[in-house]
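For clarity, chains are labelled A, B, C and D in written order, and residue numbers in each chain start from 1.
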Amino acid sequence: MKTIGVLTGGGDCPGLNAAIRAVVKQAIIYDWEVIGIRNGWKGLIEGDVEPLTHYSVSGILSKGGTILGTSRVNPTKNIEDLQRLRDNIKKYGISGIIACGGEGTLSAALALYRRGIPVVGIPKTIDNDVSCTSKTIGFDTAVTIATDAIDRLHTTAESHHRVIIIEVMGRHVGWIAMAAGIAGGANEILIPEVPFDIEEICENLKQRYDHGKAYSTVVVAEGAIPKEGTGFRMPEQEIDEYGHVKLGGIGYLLKDEIEKRVGVDVRVTILGHIQRGGSPTPFDRILATRMGITAVKLLKDEDYGKMVALRGSKILPVKLEDAVAKLKTVDLDLFDLAKTFFG
Amino acid sequence: MKTIGVLTGGGDCPGLNAAIRAVVKQAIIYDWEVIGIRNGWKGLIEGDVEPLTHYSVSGILSKGGTILGTSRVNPTKNIEDLQRLRDNIKKYGISGIIACGGEGTLSAALALYRRGIPVVGIPKTIDNDVSCTSKTIGFDTAVTIATDAIDRLHTTAESHHRVIIIEVMGRHVGWIAMAAGIAGGANEILIPEVPFDIEEICENLKQRYDHGKAYSTVVVAEGAIPKEGTGFRMPEQEIDEYGHVKLGGIGYLLKDEIEKRVGVDVRVTILGHIQRGGSPTPFDRILATRMGITAVKLLKDEDYGKMVALRGSKILPVKLEDAVAKLKTVDLDLFDLAKTFFG
Amino acid sequence: MKTIGVLTGGGDCPGLNAAIRAVVKQAIIYDWEVIGIRNGWKGLIEGDVEPLTHYSVSGILSKGGTILGTSRVNPTKNIEDLQRLRDNIKKYGISGIIACGGEGTLSAALALYRRGIPVVGIPKTIDNDVSCTSKTIGFDTAVTIATDAIDRLHTTAESHHRVIIIEVMGRHVGWIAMAAGIAGGANEILIPEVPFDIEEICENLKQRYDHGKAYSTVVVAEGAIPKEGTGFRMPEQEIDEYGHVKLGGIGYLLKDEIEKRVGVDVRVTILGHIQRGGSPTPFDRILATRMGITAVKLLKDEDYGKMVALRGSKILPVKLEDAVAKLKTVDLDLFDLAKTFFG
Amino acid sequence: MKTIGVLTGGGDCPGLNAAIRAVVKQAIIYDWEVIGIRNGWKGLIEGDVEPLTHYSVSGILSKGGTILGTSRVNPTKNIEDLQRLRDNIKKYGISGIIACGGEGTLSAALALYRRGIPVVGIPKTIDNDVSCTSKTIGFDTAVTIATDAIDRLHTTAESHHRVIIIEVMGRHVGWIAMAAGIAGGANEILIPEVPFDIEEICENLKQRYDHGKAYSTVVVAEGAIPKEGTGFRMPEQEIDEYGHVKLGGIGYLLKDEIEKRVGVDVRVTILGHIQRGGSPTPFDRILATRMGITAVKLLKDEDYGKMVALRGSKILPVKLEDAVAKLKTVDLDLFDLAKTFFG
């Protein structure tokens, strides 16, 4: 018999509870005990933990958020925290840790693994930017929410002959923008990976009007940036406490520019945190369930330093170091495909 | 046999197509012809019309927006436009007009009625601020969308121990904020009718944290204003072309204030135009259908200058002049009830 | 300080948890204690109870079902049960009981009130058949689910040129069928209150085909019955343990008849228990919240033997004996209105 | 310049319109013309066609069903039909055909290809049973609808302490049952590929009750069959015109058996045609869009006799003969995984 720990770190997203439930259920099959670690790595440093039983995870499969809470604490930032973390692992008899998170949480997992701590990772982030896995937990739900919003905005755009800009999440990658843009039939999609040309965009929008399509939908990832030398003013933006550009910057800038250049009425919607809340889609529930089970199996095999990944239709282990080596950016072939349908 | 006209004015909202469909279907029962007037009063001034048949309204019951388009043109602003409007009524043989809209459109309808034009009104606005009717078309759908958003944000608030502010529509009245706030279990609801006390709000939020509720949800109508003398800085806000405060003002101001005073992490979501898009709820479809039918019956009875209204469970005519005499503000008894549950 | 009990009886429906939450929250404002009675009257007979605190009702506003469980036990069926119920009221110091239920539960509440037990009722049933209130808790959600199903089936009917029959709940009344039928744009609506004429229905369906509408949607309440002498064979149906016709009877009978008479492909969907599950609509959440609060206020005023009711826009007390005197059947004016749009 | 034809055959499903739209948009890029063939192969035999333009496919991306209609006609059943089909291909100058369908439609496509007709296939079926592609268009939406139903039924099961059986589509394969069962947290999943043991199932359900879980959810594919010799009576079932067992057979049989053996209250929901209706999920819209584009590219390359398939994250051509060689049955490793969580 064995005791394992499970934690969720970084931004919350739909499907985390499904993963926690799968970990607990699979551990029970092995007759193991599970320690729930509260608020990411912070809980392991501070000893903020609780036992998780069959009962703890009853009814959480369909619930958004994470019953364990989350934080963005980096456990390797100082040596004292690291020591407290080691002490707690010993104190609670934890023989293996499953860390669900995005790039930050998984990088910390790798750093700990390199320091001898037995850890495996589960990739979750609505941004879908973790390498080596075709999908991360939460992405499908975020795309579904964003597409639903585009569907709604479409009717307003059409009734009012407007350009509607919808700003979705994605500071460094444009996966949500691209997927929701294709699914929602957007006329323009702007992603961080491909600097946009404001003149080209406005030209396309004008052409639509000239062709009698008196409305357009533009999906923009919050981290989209203009091509240099295209006359798009990108003023110094407000930066929040994490060094991130504040939400809503790019959408409103685009609005001003398009109104000036195209001479039409533009409205902006910043989708914001709605994208990461609520009940996960069946796709995310199944993905999270399979990943949770497989993560426990890796602990059984003492196959540490790995992340579970979706490869084709299979859930397979990959090296944590490969997974976090670089952000997984948008497949540009797919983006080109989407672009052929613009306008 | 008779020819009637139908138009939709002001902001678009879910249920307009259901109303248009009902008008056409009821007119067909009377063996009348229906002229669809494009883009509100503008279409009647410019003669931008199309005949509406059984076929035109097939399949539109569940669709958001308006197949007729909309605008905010006031037909009584100058005498030339008014004459063109009269000429077009004559030209197309229109013996009665059904105008679906909010306060602006209905006020114009009243002004035209007073000038001898045979018109009846149907109240639609997501804001629910038209007098003499307990509900307007579009309100139930807007509340449903806003509540769904609060449900989603709730899980994020809980997982991250945050205060989440959600700014909903409502420049002059707080119906959406109040209804969605009650339905979503908000901890604070801020509406234009009742100036808020920032100190009291922050005190309540602090108390929740002290009682172990490490997250809160605040629903704020875009037109909410602070009580005088409570130290809330309300800077000069950006005003858009219609003299409206730009979206997103109050939510971000509140965020800064709460973060400073309570010392917690706050996130803002501006729900925006999503609230007026997409498929109407069954409630709105039924309301719109019943109102559309009754409006045609009023034209049959030559009972002009009226608006159809929901009174108890019945659809009854009321005078347009009573309906637009003043905005219907939030029932403060109901708001007090909601407030008892805050915190 | 006072202790009150709350129970839910009869079929479960969305909004019960919202009502329980409101009862508990309002009682806390009065500094009262609340006893949750499990599984309807059964729990009061058996002493199966639990204290309900602020904590018990946290997060249940948006959840379907009932945290208290439910049953169809009649507490006045025998004198022993009644005595045990009295003993438990005494044992737990219950000075007032709030019973949420439909016709059965409310009739039992009345019977107990007549025997001196201090009780008030809250009307909930997806069937909307309780008198003296314009809506019951759960009805709006059931209509929303049924309408969503009709929307989905519509696309199949259209693609396959079929008649689609959708059988919804409603053994004695046709409220769900009528409302969802109007909202979903059904071509025929069959309700228990108005025996149907199969020849007329088939004639209408044929005419649609003749007019190029190669598909139709028929909404039928499970309790719909044929007009006598119209040649519709209504065989002896299977009766379940409650004396109810088994689900699915009428839908399949109609299918056979329509296929034979119209010569088209017909498909049947029995919506079943989906109609009573899942998250309540905002309308039901607000209605349940207001009713729960008002019920507690009635207990405060020692105004027993009443049921809270929606009258116009207000929640008001009515006599339990009036509420259960007869089933509230469909408003036939409204049904006639719906019928004008058939075909 | 070239003219191509597109048709949809077999049962309708969400995503067909997205595929048609993509075909038309991609063809327009190549400056080709597109002929829409009505009602599957039937339309090509009868010359029932219409030109499809940019305008024809505007706004259909999010709509369920198929604007082209569908049928189950086999074009190779007799030589006269085949000749008429050839004549129409010539008459309309069709140089390549894209056939969207399931096993029947694609088998016909293969048969025609072998007779020299230039055709490529797109796999769509909610059943997900076409070989060589990891997903078919429509499957994700069907699973989403079924999971939503299970979520709803779950609250009823819990409130009433019942066993709820939900019968989903799947005559020969259990993909929907398995996926929705995992996503909905079902306690038992019965699929055609693995004959069920009624004794084992009842034993599991009893154990849940003994362990205090007073409710259970059973998901059963309509084609599920009992293991031989397990005492489950499988009476002669009604067979419909296509040789299929009539819907609703197995669910009700199970209900009787479980009630008898376990002594609990059981309710059945037959999900039926709701599973194939309504707006497609973003997953299906993107899949359909990519497959539609790729199918047109295959016609450009004169690479006939192929089907577009989802392989990993890519859309690739596979041979039609491989795709229809056998039904793709459920991955039994995945099913075993699901089973470990039963109970």
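As a working rule, a residue touches a chain if its C-beta (ideal position, glycine included) is under 8 Å from a C-beta of that chain, and two chains touch if they have at least 3 such contacts.
Given the structure is predicted, the values throughout are model-derived calculations rather than measurements.
Asks: Listed by label, which chains are in contact with chain A and with chain D?
Replies: A chain counts here if it touches both chain A and chain D, and no chain qualifies.
Asks: Distance between chain C and chain D based on Cα centroids, please, to the nearest Å.
Replies: About 34 Å separates the centre of chain C from that of chain D.
Asks: Take the average of all CA coordinates in chain B, do the same for chain C, and state the distance between these two points in whole angstrom.
Replies: For chain B versus chain C, the centre distance works out to 30 Å.
Asks: Where the centres are mean C-alpha positions, what is the separation of chain B from chain D, in Å?
Replies: Distance between chain centres: 41 Å.
Asks: Going through chain B residue by residue, note those that touch at least 2 other chains and give them in order.
Replies: 151
Asks: Would you mind giving me the full set of chain pairs in touch?
Replies: Every touching chain pair, ordered by label, is A-B, A-D, B-C, C-D.
Asks: Give every residue of chain B touching chain A within the complex, in rising order.
Replies: These residues of chain B touch chain A: 8, 11-12, 14, 16, 63-66, 69-71, 145, 148-149, 151-156, 158-161, 164, 247-248, 267-270, 272-274, 276-278.
Asks: Which bits of chain C are touching chain B when the two form their complex?
Replies: Interface residues on the chain C side: 22, 25-26, 29, 61-62, 134, 140, 143-144, 147, 151, 179-180, 182-185, 279, 281-283, 285-286, 289-290, 293, 311-313, 331, 334, 337, 340-341.
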